[in-house]
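A single structure is presented below for examination.
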Amino acid sequence: MAASSKKWVLGAIVFAVLVPLLQPVFPDVVSNYRLFLVSTMIIAAIAVLGLNLLTGFNGQFSLGHGAFYAVGAYTAAILMDKLNVPYWATIPAAAIVCFIVGYLFGLPALKLEGHYLALATFALALAVPQILKYKWLEGLTGGVQGIVLMKPEVPFGLPLSEDQWLYYFCLLVMIVLFWGAANMLNSRSGRAMMAIRDQYLAADTMGIDTALYKTVTFGISAAYTGIAGALSASAIAFVAPDSFGIFLSIKFLIGLVVGGIGSLLGSVLGGIFYVLVDNSAQSLTQFIRNDLGLPFDLSAYTVFGVLLIAIIYLMPMGIAGGLYMAYRKLRGARA
Amino acid sequence: MEQLLQQFASGLANGAIYACVALALVMIYVSTDHINFAQGEMAMFSTYISWQLMSWGMSFWIAFILTVIISFAMGVLIERLILRPLHNAPVLSIIVVFIGLLAIFNSMAGAFWSYLIKEFPSPFPKADFGIAGVIGPHQLGVVLVTLIVLGLLFAFFRYTPLGLAMRAAAQNPQMARLVGVRVDWMLALGWGLAASVGAVAGIMVAHIVYLEPNMMGGILLYAFASALVGGISNPAGAVAGGFIVGILENMVAYAGNQIEKATGVYIIGNGEKLTVALIIVIFVLTVKPAGLFGRVVVRRV
Amino acid sequence: MAALLEVSGLKAFYGQTQSLYDVGFEIPMGGITTLLGANGAGKTTTLRAICNMVRTDGTIRFDGKNIRGMATEEIVRQRIAHVPEGRGTFTTLTVDENLRIAAYTRKDKQAVKDELERVFVYFPRLKERIQQQAGTLSGGEQQMLAIARALMLKPRLMLLDEPSFGLAPLIVLEIFRILRRINEEEKVSILLVEQNAALALDLATHAYVLETGKVVMSGPSDVVKNDENVRKSYLGY
């Protein structure tokens, strides 16, 4: 990482840490609800990063990452609900479980490329809610009803609200995970991962154990998204099968595509973006109905769908890539 | 015994639906090498169109035929306007566009017609007849209608010059151009036909699963399983695969039911239908990617 | 004699790589012209360029009309038939379908039937195999099918890319005899690309020699045949 961008990242982190402390100063701007919203954006960013590690940096497609998110969420929920495990300890547990599940799914995925891997993962995404409702698991998963949880409590008697604490906790997890991802991508293994994406045959003949790298990447990717799932279980304090359908995976895909395939910063932007659209769709609909007088419900997915197609046409490198290109053009024009 | 026959009959009816959607998928796959993830939602949208036409007072069959025609135009337009400009784009871009279409159709259906479940009429008389109790009139009707549609399609591809040109364009586009076939239009027509066949499946199944924007999700998964079982590049195989998977699905549920009755242990039932389809998809993809009837295609590297 | 096809200043590109530089030649009405050259000289590319199957620049006039840049299928509809290298039959279609596909735009069914019969005069072997899948034919039969299909387009010009490729010498002779008959009886002009220079020069009236994307020599076949360089490089004596 260049020194200048290191400075930027540091600055952003300091800013993110300070923001909740401004609550007494600007109570309306930094409301608890806003902080909670930002927490869900952080969670989304981690989930999108997980998908990006697989698709963006290793070239394997997944339309079913919602499945790993679900595994993470349910692992956390069951541990908290049945074994009284504290919420923070569910994060590594979800990571391990999802790594194993992802690794195992990565084995048959080795045989599949492009469309076929997309097809297999799409099928997985479609089937997830039903798998979660499976009768034998009902004792654990609570079946259709799901599991109701407690929100994380503020530890050590810190003078923070629940939402403030949740925000800090999510932020900490995110920083650790992004730091880990950046280091991994900068290492020998990271270069091998990307070599497999760019030149599969060459990587294979160069002596990179492509099968191992691909399955392990699948595992790591699933672990990242699973951690996001575990965080979301804590944050929302509720899990139920029908929130993990195909449309969850589509949200990750929109985060990936909007932010930029193969971009760490883009994963953050993508996560922020999809939560933002998801949350503003309702007010947009009200605007359309009340102010424009059109009998039309605007769903977030109409926006997502149109954007997915538009970005492929206009900005194939995503927002992060598009901004970077625009920045370079501006710089070039000035120089 | 009668219960088994009933399950078999309902497997046939489901299979007919899967066969149609699978055929639609295969038709697009053989000519463009793309898997249309939006096929199910396109069919769902078509079904809403027919519902709308009927609620404006049209009779079922008039609405049916009009919907098939509208769907054809819709398919052609999507190919020409959205996919044609991307025909050299990387696979991931195409997949993203399909997912975008899926999201658009799903949310637009919700926006226009709401997410509330609607009843959808059956055009077949409720009369009792000889084999009543085993196969209901709607199921029988579904099988008949889909068989007629599949037969018409088969005749079109087998016996008409345009059908021949479409097959040629799918098999070897460059060579087809060299005999004067307008390949781009053939692909668009293929999209139109696929959308029409999907519409037939949607209209036929809506009476069974009820009309709502997510009605085709499970059916699409089963159609994938069917197409894969038959060999993803084999249209006749896809149809056979549809019936095989439809019957298999019901037999698995039946077997699970019998086991539960005999031993009291629940293993599998109607609640695991999608899981069964997922297992079929992954099993065929990894173990027998050419399907039961397909040829193994040697990939050039 | 008026030229049926005039090519001048033709350049062709595969992506960023240029593979033809300023190629020019003429094909006289009713004649047989051959393009000679080593592997990679640009013979196949020239044929592909005429049908707009690669990116091109320059002019290609067919019957006085510039056809460069037209879509491949529209060029074919000007009655230019291209028999590509490696035969290019539709392997999963039957012989009958392979032939009919070339006539699919024509409405008159009787005319198509007559056309088929006329084609079978040149290729009686194909008539025996009419319901067989093209992929099951022998190499020679597939080559005949490709030429027969080209003939179904009622072409004024036929472009042939290595019709002898991978075939037994006796079959090659048979095919070349048929080509001569087609040229004479059907008044089809032919542009032939061929590795087997001796054979090509026997059949052709005119010859052009290509080297690394440029025409380096041209003239009546007899003259080219006796050129010392051509003899050494392509005829091997």
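When the chains are written out, they are named A, B and C in that same order, and each has its own residue count from 1.
Criterion: contacts are C-beta pairs under 8 Å (C-beta built on N, C-alpha and C of every residue); 3 or more make two chains touch, one makes a residue touch a chain.
Please read these numbers as outputs of a predicted model, since none were measured by experiment.
Asks: Closest chain to the protein's overall Cα mean, using per-chain Cα means, please.
Replies: B
Asks: Quick one: point me to the chain whose Cα centre is farthest from that of subunit A.
Replies: Most distant chain from subunit A: C.
Asks: What are the two chains with the top count of C-beta contact pairs?
Replies: A-B
Asks: List the centre-to-centre spacing of subunit A and subunit B in whole Å, with centres computed as mean CA coordinates.
Replies: Using C-alpha averages as centres, the distance is 32 Å.
Asks: If you average the Cα atoms of subunit B and of subunit C to get two centres, how far apart are those centres in Å?
Replies: Centre-to-centre distance between subunit B and subunit C: 43 Å.
Asks: Distance between subunit A and subunit C based on Cα centroids, please, to the nearest Å.
Replies: Going by mean C-alpha positions, subunit A sits 57 Å from subunit C.
Asks: Report the residues of subunit B in contact with subunit A in the complex, numbered from low to high.
Replies: 33-35, 37, 82, 85-86, 89, 91-93, 95-97, 99-108, 110-112, 114, 217-218, 220-221, 224-225, 266, 269, 271-275, 277-278, 281-282, 285-286, 289, 301
Asks: Spell out the part of subunit A that touches subunit B in their complex, as residue ranges.
Replies: Going by the criterion above, the answer is residues 55, 61, 63, 108, 111-112, 114-116, 118-120, 122-124, 126-127, 130-131, 133-136, 201, 245-247, 250, 253, 257, 261, 296-302, 304-309, 311-313, 316.
Asks: Show which residues of subunit C lie in contact with subunit B when the two form their complex.
Replies: The contact residues of subunit C facing subunit B are 51, 53, 71-73, 76-77, 81-82, 84, 88-93, 97, 100-105, 149, 153.
Asks: Enumerate the contact residues on subunit B facing subunit C in the complex.
Replies: Touch residues, subunit B against subunit C: 161-162, 164-165, 167-168, 171-172, 174-183.
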